[in-house]
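Letters A, B, C and D name the chains as they come in the text, with residue numbers starting at 1 for each one.
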């Protein structure tokens, strides 16, 4: 397990609602194989199902490229909305950045 | 004019409304002669007439003690509410801290 | 306000007239006006005026040991007017207008509102009418 | 909600159903609920649910070139219930529920609201009933 391993960060901020669908869809792109990905939602207060659908699509893209994905959250609402959608286990969610990075770098050794 | 002259700062923050009358009345106290006073409202978003009445009372107290008073504001609403109350010239208002301090230290030489 | 945003929009809220009721009522009115696309400076001024009427209700209307209710009622009227009522069911306190630092509140209300009327039967009812043109451009009208 | 805060409080807002209308409507509802002293987590969940209904209205109801209106109507009912309606006058789009990433919105609404009813005659009308007990202590009741 390497603490130095590289990873890609995609940060989204604010209220992620339908009005930001295009922007968020564009941010959540993956080109092919590469390092693990951290989606940083630590400054997100609201996310609607449009955004969750984009995240699910991105999860499939990452899986197809063999890149591990972790989601960093700062607000308990994101976890709750996933629960309400029946998707509590869809993402590797972390409140703690260090724990998310450990998870991502551990992936490389498996 | 001395750039080093001392002055007292009273900072108030947030929304200064009737619910904070006692706290604000207690903050706006002057014991007797002493340095000039800067009331720092640069982080105030709202002030109702209860607070303006406290400020007017404080202005009289400061005048009686021979202490010059400047008011630093960060939001144009404070200037407007004074205008609406017919009190646009009641206070020496400054948007710029340096200008307020220059005004206060100039006072000592007069 | 946009054409459609004017149609029947309203906000009605009742609280116990504690001093800490004024702030959440102001915030609810501010967010309501933002949703109506009333411009920022206009919103701020309306909040200043309505804030004075609310402060009066929580300060003067009741014996603080036995507060009654304070009610806020805001609604659009036509495309450029916002009507706001602040009611309480307490007792209007007549006072010497000359008391220093007193009488500022209603002066501020009168400076901001287009019209103000005050009815003091069975409580104090302040009705304020504000010009509330909408913010910005003209592409918000309904295609119907 | 406090005893008095339940009495006849309501919020009614109409906007053109542009995608950027959902956010200010959510914010107005959030501030309204805060003024009603509905607890924070409950407010957040209600915003999540109502946000889904609003998102549907601005996403699905109309041809984006010719958007009609979206209406939000929230009011207290009794002392522990908040009723929220989201209406549009567009066309409900029937879709294969199995489309991946589709159908999440109404699932979320159903998980949060106590009851949900959807009427699709002449537009889509989603009525949601929420438990909305007030925050904290019991000293807010009216002395009257």
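Here is the rule we go by: contacts are C-beta pairs under 8 Å (C-beta built on N, C-alpha and C of every residue); 3 or more make two chains touch, one makes a residue touch a chain.
The model shown is predicted, which means the values in this text are computed figures rather than measured ones.
Student: Could you tell me which chains make contact with chain B and chain C both?
Tutor: Common contact partners of chain B and chain C, which must touch each of the two, are absent.
Student: Whole-Å distance, chain A centre to chain B centre, using C-alpha means?
Tutor: 49
Student: Centroid of chain A to centroid of chain D, CA atoms only: how many Å?
Tutor: 28
Student: Can you compute the centre-to-centre distance for chain A and chain C, using the mean CA position of each chain? Integer Å is fine.
Tutor: Centres of chain A and chain C (C-alpha means) sit 44 Å apart.
Student: Calculate how many whole Å lie between the centre of chain C and the centre of chain D, each centre taken as the average of the chain's C-alpha atoms.
Tutor: Computed from C-alpha means, the inter-chain centre distance equals 25 Å.
Student: Check each residue of chain B and list the ones that touch at least two other chains.
Tutor: Residue numbers touching two or more other chains: none in chain B.
Student: Applying that definition of touch, give me each pair of chains that meets it.
Tutor: Chain-chain contacts present: A-D, B-C, C-D.
Student: Under the stated contact criterion, what part of chain D meets chain A in this complex?
Tutor: Residues 19-20, 22-23, 26, 44-45, 47-48, 51-52, 55, 58-59, 100-102, 104-105, 107-108, 111-112.
Student: Mind listing the chain B positions that touch chain C in their complex?
Tutor: 15, 17-19, 21, 46, 48-50, 52-54, 56-57, 77, 80-81, 83-87
Student: What does chain C use to touch chain D in their complex?
Tutor: Chain C residues touching chain D: 2, 4-5, 7-16, 18, 24-25, 27-28, 30-32, 34-37, 66-69, 89, 140-144.
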